[in-house]
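After the structure tokens below, expect a handful of questions from me.
Chains: A, B, C, D and E, in written order; residue numbering restarts at 1 for each.
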Amino acid sequence: MSDQTILAAEQISHLYPDGIHALDNVTLRLACESFVCLVGPSGCGKSTLLRILAGLLPPGAGHVLLDEQPITQPQRRIGIVFQKANLLPWRTVYGNLSLPLELAGMPVAERDERTLAMLNLINLEEFADTYPASLSGGMAQRIAIGRALIHDPQVLLLDEPFGALDALTREQMSEELLRIWARHRKTVLMVTHSIPEAVLLADRVLVMSPRPGRIVADVEIPLSRPRSLDLLHRPDFVALTERLRHSIRTAH
Amino acid sequence: MNSRVQTVDEGRPDHQTVPASSLPSTLLVAQSRPRTRWNLLLAPTVGIILLLIWEGVAQSGWYASFIVPSPVRVANRWWALAADGSLLRHTAVTLREVLTGMMVGVLAAFWLGYAIAKSRTAAYALTPYLVALQAVPIVAIAPLLIIWFGAGIASKVIICALIVFFPMLVNTVIGIRGIPPELRDLMRSLEANPFQTFWHLELPAAMPVVIGGLKVSATLSVIGAVVGEFVSASAGLGYLVNFGRGTYDTPLVIAAVFTLTALAMTLYGLAAWLEHILLDWHKAIQN
Amino acid sequence: SQQEEETDGKTKVTLFMGYIPSVQFAPVYVAAERGYFADEGIEIVFENSFNEADGVERLASNNLRFGLISGEQVLLARANDRPIVYVLEWYHNFPVGIVSAVDQNITQPEDLRGRVVGIPGLYGASYIGFRALLNASGLTESDLGELRSIGFTAPENICEDKVEAAVIYIANEPLTIEQQCSEVNVIKISDYVTLVSNGLVTNEQTIREQPELVRGMVRAIQRGIADVIADPDAAFEISVRDYVKDLPQDQYETQRQVLANSIELWRSDQQLGQTTPAAWETTQEILIQAGLMSEPLDDVTACYDMSFLSQ
Amino acid sequence: MNSRVQTVDEGRPDHQTVPASSLPSTLLVAQSRPRTRWNLLLAPTVGIILLLIWEGVAQSGWYASFIVPSPVRVANRWWALAADGSLLRHTAVTLREVLTGMMVGVLAAFWLGYAIAKSRTAAYALTPYLVALQAVPIVAIAPLLIIWFGAGIASKVIICALIVFFPMLVNTVIGIRGIPPELRDLMRSLEANPFQTFWHLELPAAMPVVIGGLKVSATLSVIGAVVGEFVSASAGLGYLVNFGRGTYDTPLVIAAVFTLTALAMTLYGLAAWLEHILLDWHKAIQN
Amino acid sequence: MSDQTILAAEQISHLYPDGIHALDNVTLRLACESFVCLVGPSGCGKSTLLRILAGLLPPGAGHVLLDEQPITQPQRRIGIVFQKANLLPWRTVYGNLSLPLELAGMPVAERDERTLAMLNLINLEEFADTYPASLSGGMAQRIAIGRALIHDPQVLLLDEPFGALDALTREQMSEELLRIWARHRKTVLMVTHSIPEAVLLADRVLVMSPRPGRIVADVEIPLSRPRSLDLLHRPDFVALTERLRHSIRTAH
């Protein structure tokens, strides 16, 4: 982890056409290779912020900077997992996973290899040829995560990626994400609703206020790495979750 | 820097170039699609250009005036026709055929399409015959229909209904079949009766595609009436076209064709208007 | 817009005919078969259509050079600035009449009072002929029970008793009705009034630029008409063998009769192909009366040019 | 107990009446839709009944035989036509016009529809003219097209293309506009270029509705060719219809109309087959 | 809570047409007015089981009994919250909420009253006239929950209803659900991925095995009621969650 900022939002405000004031003067800087979690009440503008950071939505005011350069278009260097799985219904599980590689023009052999590895990682080998219509909610979400990881983007924006996963899979996927993050030196911004999850994973947790969303707390998580699930019962962990829960309650 | 076209055209201007500091956030303007007035001027402009070209060609003398009569002569003929009331009379005849035909054809197609989309039995039993019926070239059997149903309005209404039928049918089937099964499950879990399912789920969900069928039908229906009037009629705009042709009155032909075109466009416009008011939610999604 | 071109020193000419291939066109088939067109340096191509007015427009715009067109169309077209010229009379007798089942007892125009009469449409040769007939008999449209547009479905309408009489082409339609359902009476318009009937029509540009071509066409067709009148059986064989394809054998008898009827229309007491100037005046009057023309032409004789006729 | 129709027709039989105890779970049969053979017999049965009615009417003597000839006479006429090769010749002429016309019309409509769906400017500039173009009753201007483009195949192809154009256009616009914006976001976030977006998202997503347009176009295209051949032609099935009418050879008319119908049904069948192979995933959703 | 069974699944097995063996001989009985949670790994057949219990999907083998009567059709007495929000895009938030009342033919005045009360409960008053396309994920899910509660069904089947909700809203909604359950004496079967949530809410927690789903554990939660969030730190609560986590791990 370095101190250099890779992705930054500067004084972002956003008003939707129907008058909903979603974001109010949000500034945030993601340090290179940091893992940041974003928590906040339902409807406060977390997804909106992620869409703006990904270059998908031009903000009403403010800038997004990637490596100090303003961006106005989505970048392949930024991977995003949407809140909905957003699978293409006419592509099989395999086809959905390999889509980013195909779009990037990767040769077939390498593509196959990577896709199979990813299928394995998300534990869906036997469903390679299944269409999304016959998947369970959790399976679809695992594919969406795999699809964002597969082309190895530098920055990962994750919008509640583990929402539909059972406790065990969720823990497995979290650990996997930590491993990928540590190994590939990625920068991660993840929206989550689980406070323990945020504390377990993040270097910093940002807390957003109810709409219009502002960042009202920026909590450093000084737990040493590597971390594992055993942390969950350590008193400093519990204290941190309590502190976070408290600052969220205040924000409400 | 790709997929630019799409972004620009979707009306998402690059607002981020406005420095945030100069803009107190409470004054932020809601980002709505810019309703560029220039766009609205495009169509009339093209229209005027086409008209000028026409006038130019007519005056150039490249073509004899009977092949390309000048717009002014056509307009005069049209006024003359309108002034003595005969335009209104012929338009009324055709309009009546078209409206009746559309009503019959569109309603029949909608309900049959609905049945086909929902019931395998209906699909198996009906589809081949409906396709066959539609595949029979209506212009080829129009004279037969005139013999069977007389030279009056009935035969034209039937021709109109037949030609309008298929686009509506196909789009209704697609629309109803395309309803997500999850939403059907929702209605079933709430014990919605068939009528409620139709009214609260199927009709609104299928509407975008069904209205597409209606738009196609609107323009085809006018063709249907003209086909009927060509075979035999003593009034109506199609008759007027034929009469103009038979008497070498090209301005009359053009005036009648323009009136027919206006009729079709009006019907299309009605369908588009229906779309506009019924599919508010759909537009919202597209934004 | 000219479709003609020189091939092997021959000029390719498309002849427009406002009806489907039929023994009623036997003279041109015979002329083609016996090389009369080739003799004039013409390679002939036949084009059949179903609407004379389309042909007239194409002749007028020099998209085509020759066509067999009803006479009154020439008047109408010229009244509307179409520069076409009638250069050869095809039928001597106006080919339109009124048909009715015998039990209707319609044998003269007077019998049409109060009757429902079917007509293809309120324009074209049928309508002009019918107006002329009414005129000649002191009747008006309002004396009829109804004048109903029925398109070209007279046999069906007569056989199904939907109309009591119908305006038809006398060469073939009465035969169809007799064959299908009932004996008929036919009132021939030419018995009551002399109108311009069909002819070979070209345009002024062709007359100006290629008078020899016009002369050749006229001569070839004249020879064809004469041959058909002289030997109907040979003409019939030629027609059905090479030109009127798709005609089933069981139609041959009827079609022979159609040819015989047509020959009666071609037969003339004057020179073959010569038009009657008075007929043009009469036809013009009818057109004006019917409201299809607003004023007389400055020079009716400009409609036709008989100078290409060979003796 | 409502919404029964739907459930039964969706082929979900009440399996739960089978006592579970008698069925070792490993022997459980996968629940697929029952492909009832009875359904497949329905269409032919209706066909035979219609044929018998026709024969009955023909024999009854209510109508003159040239108005309603017996099916046997029509079949004989058809055989005669087929035997001497002229059926093949005329069919080939019409088929060529139809296929060329469809290709031109469908492709033009697809790309214009695509442009309209994606670009507001294109939509504003083009829509009124395309609607106007379509609203001009093609049968009324067919003679004009013959004058402009000659009596050869070109004019028929153009008529065919024009009549085929609109249903394709409308359905393409609906299909492309109906693509969920989330999926567009996905493609954008992966920096898909315009071609990739088209190929991997827009084409497959719009396919169900686009193929609906194709089905309508398939049957209309045959009408287009017939309209053209009616105005002027010396070969083709439309010509044959007119020839039969002129010679009061009703069996010929009916034989030619049936052949035209078969042609249109074949084209429709091709579209349906395309749907079948391309929209596997779509059917899966409907199950 | 009584001992009488209201909804029962008897020896349910299910094979999907493509050969996926989703459920294997599942028998479960929901006692009247009990609160049961169902946990299990992603793709094990939980949603399938719920759809079968709701009468939406005829099982390959076995019966569903409601009040001892076999059912083959969905029943209004059974309310269901699907894993996806499944809102009707052409109805506003208000319209989506009031749909069940409208279908049941309730008079407008009463309908309005109830809908407004529900809007209030799920905290979306200001969005009454918004279309689903402009809602955040959590807002959509809250509406789905409200829609299932609004017509007061006797049995509630909930498929991860709180998946997309932030920690605080989630806790609020859980407490609300407990209150509704206690007040209106409902029977609830809820799929959840959060073990603490299951322990906090349920009388019994059922654990399913990976596909083909079987019920491998049936854990009684003997905590006294009423329960509140304070429980979370009590040792018996922690012990129960540990026990549950263990039995899930064994099942995998």
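Of note:
Keep this in mind: contacts are C-beta pairs under 8 Å (C-beta built on N, C-alpha and C of every residue); 3 or more make two chains touch, one makes a residue touch a chain.
Computed from a prediction, not measured in an experiment: that's the story for all the values here.
Among the remaining chains, those touching chain B as well as chain C are D. The leading chain pair by number of C-beta pairs in contact is B-D. With centres defined as mean CA coordinates, chain D is found 41 Å away from chain C. Chain centres here are Cα averages; for chain A and chain C they lie 84 Å apart. Centre-to-centre separation between chain A and chain D, using Cα means, comes to 47 Å. Distance between chain centres (mean CA atoms), chain B to chain D: 19 Å.
For chain B, residues touching at least two other chains, in rising order: 3, 7, 67, 143, 147, 187-188, 191-192, 245, 285. Shown for chain A are the residues that touch two or more other chains, namely 16, 18, 73, 84, 134. Counting partners per residue, chain C has 51, 53-54, 57, 61, 152, 156, 160 as the residues that reach two or more other chains. Residues 2-3, 5-7, 9, 11, 36, 39-40, 42-43, 46-47, 67, 118-121, 124-125, 127-129, 131-132, 134-141, 143, 147, 166-167, 170-171, 173-174, 177-178, 180-181, 184, 187-188, 191-194, 197, 208-209, 212, 215-216, 219, 222-223, 226-227, 230, 238, 241, 245, 253, 256-257, 260-265, 268, 285-286 of chain D are the ones touching chain B in the complex. Those residues of chain D that touch chain A in the complex are listed here as 182-183, 185-192, 196, 200-201, 204-205, 207, 281-282, 284-285. Contact residues on chain C toward chain B in their complex (touch as defined above): 51, 53-54, 56-57, 60-61, 76-77, 79-83, 120-124, 148-153, 156-157, 160, 162, 292.
For chain A in complex with chain E, the touching residues are 16, 18, 20, 39-43, 46-47, 83-84, 130, 134-139, 142, 159-160, 163-170, 193-195, 245, 248-249, 252. Put simply, chain E touches chain B in their complex at residues 51, 54-56, 73-76, 78-80, 82, 84, 86, 88-91, 99-100, 102-104, 131, 133-134, 151.
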